[in-house]
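Each of the next two complexes has chain A plus one more chain, namely chain B in the first and chain C in the second.
Coming up: the complex of A and B.
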C-alpha cells in the first residue's frame, strides 16, 4: 500500500500531463463545440494538477481561477450562442471539420519545432542544478512554502517592467477584438 | 504532530471527508426544513404542519391540550420535520427523465459538476484551527493521530475556494444548454451573466480581509482577523462594510432571493433546471444549499471573527484568559454560520425579486465602486499601521 502510494505520488505529474494531452486531443476531435469547451476545461484542470504536483500551489490554483473559472466560461458563453447544427448534419466522419490537411501540416510542423527545441532538454543529460533566472532572489524566500509571496515578489518587484509590457499586449488583443467585432456590424 | 505515512494520510483524509459529507447531508435537509418554518413564521403562518405532532399518540395529547387552551402547541415548531425524509426518498426514487433531444452526456455531467464544485470547496475550509480530538492508540491504521478541524491546510486556500466556486457556474450553464429547451437556456444565460458579474465584487470584497491579515490561508486569516492581532483598531470598519458587501454578493452567487433570476418561476418556469427530474434535480438543489453553507462559512470565518466570540476583530477586548469566551471554539464558528443561514431565509421571506436591469445596476454601478472604495480604505489602514 505504502509503496503503491509512493509510486503514484512520484508519477503524479506524468499522470496529469497524459490526462491533459488526452483532453486536448478530445477537444480538437469533438464534433460539438460545447464538448470541445468541456474537454478544454478538463485539460485546464489537469494542467492545474501538473502545477500542484510540482508544489507550485499558487500557479495551480490561479490556473483554475483564471482559465477554468473565467476564460472558459466566456468561451462557453459564446459557443452556446453560436449555431452549430450545420456541422452536425455532415454524415461523413471526419476528425477535423474543415481544413484538415492544413491542420495536420500545422500540427506536424509544431511537433517538429517542439522536438527540435526541446530535444536536448528532454533526452539530454539532466543539469546538475535547477535552472533559476536569478538564484539570489529565491534564497530569501522559502519558495515551496511561501508560493504566493514568491510569485508576487517576482511579478511586482523584480520583473515589473516585463509584466507590465505583457499586460499591454493583452490590452492590444482586447482592443483588436473590439475593432474586429465592430467592423462586422458596419 | 507525529509524522504520518502516506497510507495514514490517505485514510485520515478519507475519514475527514466522510465527516464533512455527513455534516453537509445533515445540514442541507435541516436547512430546507428551517426554510419552511422560518418563512412560515415570518409570514404569520405555521409552515409545514402535517407530520409529527398531530392529534394522535402521546405528542398528540399534548397538542390537543394546548389547542384546547387556545394556544399554538409547543411541538408545532417540530411539525413537518420528518417531511425531509420523504423529500429525499422522493428525489431518489422518482423517474429520471432525460429529454429526447437533450445532449445526454452533458445533461448528466452538469449536476455532477455543480455538486463537485460545491463539495470540493470544503476541503480547504478550516472549521477549527487545531486538533478536535485524537484517535485512541488501538485504532486501526490511524491510532494515536490527531483529528484536525480542517481537511487540508493549503497555503492559498482562499484562491482555491474562489476558483472552485467559479467552476460551479459550469453546472448551471451546461445543464441549461444540454436541456435543449428555450426556458432553461434563457435561465442559464441569465445565471452566467449574473454570476460572472457578481464574482467581481465578491472577490474584491474578499480582498479586504486578505489585505488586512496578510495571508491567503483560511485558518490563518480567520485566526488573525478574529483576534485582531497585528491590526489597527480602525480595521473594524472596512471589515464591517466588507461583510455587508460580501453577504450581498454571496446571495447573488448562490442564486437566492432577491437575486434568484435564473429560476424566476413566473418568467422561466424553473430556469436552468426545468427539464431535470429525480436525483439530477436533487443534485442542483443540494449544490445550491451547499453553496449557501459555503458562503456562510466564509462570512463567518473572514468577517465575523471565525472561531472567536466577537466579530470584526473586536476579540482583542476579551483577554485570552477569560474561560470560554476568550478561547476559540467550534461553537462560535457554527453559531455564526447558522446566523447567516438564518439571514438567508429571513431575506427570502422579506424581499421581492429584483428586475434584471436592476440586478445588473446593483452589481456594476454600486457594488463594484463600493468594494473598490472599501478596499482602498483597508489598504490605507494597512499601510498607515
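Coming up: the complex of A and C.
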C-alpha cells in the first residue's frame, strides 16, 4: 500500500496528463454538445492536476476556479440556449468535416522547428528549485512554500504593463459581448 | 520529478487534439472549446518551462493567458448567440455569406 501510494505520487503528472488526453479526445469525438462540455470540464480539471504536480499551486487552483467555475458554466448556458431539436436533427447527418491534411504536416513541421530552436533549453538540466526570484524580490518570503506570493511578486515586478493591458482587454471583451449578444431593438 | 520532455509531449498531444477538433468539427461551440484546449496546452508549456528554468515569468504569463482565454470565451459565445439569433444555426458550414 505504501509502495503503491509512493508510485502514484511520483507519476501524478503522467496520470493526469493521460486522463486529460482521453478527455480531450472524447470532447472532440462526442456527438452531443453537452457531452462535449462535460468532457471539456474533465479535461480542464486534469490539466489543473498537471499544474499542481508541476509545483504551480496557485495556477492550478486558478485553473479550477476560472474554467470549472466560470467558463464551463458559460458554455453549458449557451448549449442549453442554442441546442434545440430541429438543430439536432441537422447535426446528426454530418458531425465531422474533413478538409485539410496540410494542417497535420504543418503542425509536425512546427514541432520539429520548435525542438530545433530551443534544443538547448529543452535538453538542458532542470533547475532544482521550482521557482527562483531575484534576491530583492524574494526578501522575507519562503519562495518554495508560498507559491501565490512568489508568482504575484514576479508578475507585478516585471509584467505590470501586460497585466494592465489585460484588464483593458477584459473590459473591451465585456462591452463587446454585451453589444454582440443584445437583441436588435431595445 | 517530471522531465520536461514528457510535459512537452503531453502538451503537444493536447494542442494537436485541439487543432484536429477545430478542423473537423462543425459545431461552433465545440470549435470554441477546442480553441480553449489549445490555449491550455500553451499554458502547460509555459508552466513546464517555468518549472524547468525556475523562473517566475512563465507562471506570470500563464496567468495572463488564462485571463485572455476568459475574454475570448465571452466574445466567442456572444458571437455564437448572435449567430443563432440571426441565422438559426450554430453549424459553421451554414455560415457562407462571405464565400465567393
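Everything below uses one rule, namely that the second predicted complex is superposed on the first by the 105 of 186 C-alpha atoms of A that agree within 3 Å, B and C clash if a C-alpha of one lies under 4 Å from a C-alpha of the other, contacts with A are read in each partner's own complex, and residues count from 1 in each chain.
Going forward, a contact is a pair of C-beta atoms (placed from the backbone, for glycine too) under 8 Å apart; a residue touches a chain by one contact, two chains touch by 3 or more.
Just so it is clear, the structure is predicted and the values come from calculations on it, not from any experiment.
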Once the structures are superposed on A, label A:105 by its partner contacts, choosing first (chain B), second (chain C), both or neither. neither
For A:62, decide between first (touching chain B), second (touching chain C), both and neither. both
Counting only touches as set out at the top, which of chain B and chain C does A:173 meet: first, second, both, neither? second
Examine A:54 and indicate which partner it touches, taking first as chain B and second as chain C; both and neither are also allowed. second
With the two complexes superposed on chain A, say which partner A:70 touches: chain B (first), chain C (second), both, or neither. both
Determine, for the superposed model, which of the two partners chain B and chain C contacts more residues of chain A. C
Go through the superposed model and pick first if A:25 touches only chain B, second if only chain C, both, or neither. second
In the superposed arrangement, what residues of chain A touch both chain B and chain C? 58, 62, 70, 74
Residues on chain C engaged by chain A in the complex (per definition of touch): 1-8, 10, 12-21, 23-27, 29-30, 32-34, 36-37, 40, 43-44, 47-57, 59-64, 66-75, 77-82, 84-85, 88-93
Interfacial residue positions of chain A with respect to chain C in the complex: 13-14, 17-18, 20-21, 24-25, 27-28, 33, 36-37, 40, 43-44, 47, 50-51, 53-56, 58-59, 62-63, 66-67, 70-71, 74-75, 78-79, 81-82, 87, 90-91, 94-100, 103, 107, 111, 121-124, 126-133, 150-151, 153-155, 158-159, 162-163, 166, 169-170, 172-174, 176-178, 180-181, 183
Over in the complex, which chain A residues touch chain B? Could you list them? 1-2, 5-6, 9, 32, 34-35, 38, 41, 45, 57-58, 61-62, 64-65, 68-70, 72-74, 76-77, 80, 145-148
Within their complex, chain B touches chain A through residues 5-7, 10, 103, 105-106, 109, 154-156, 159-160, 162-167, 169-170, 173-174, 177-178, 185, 188-189, 192, 196, 216
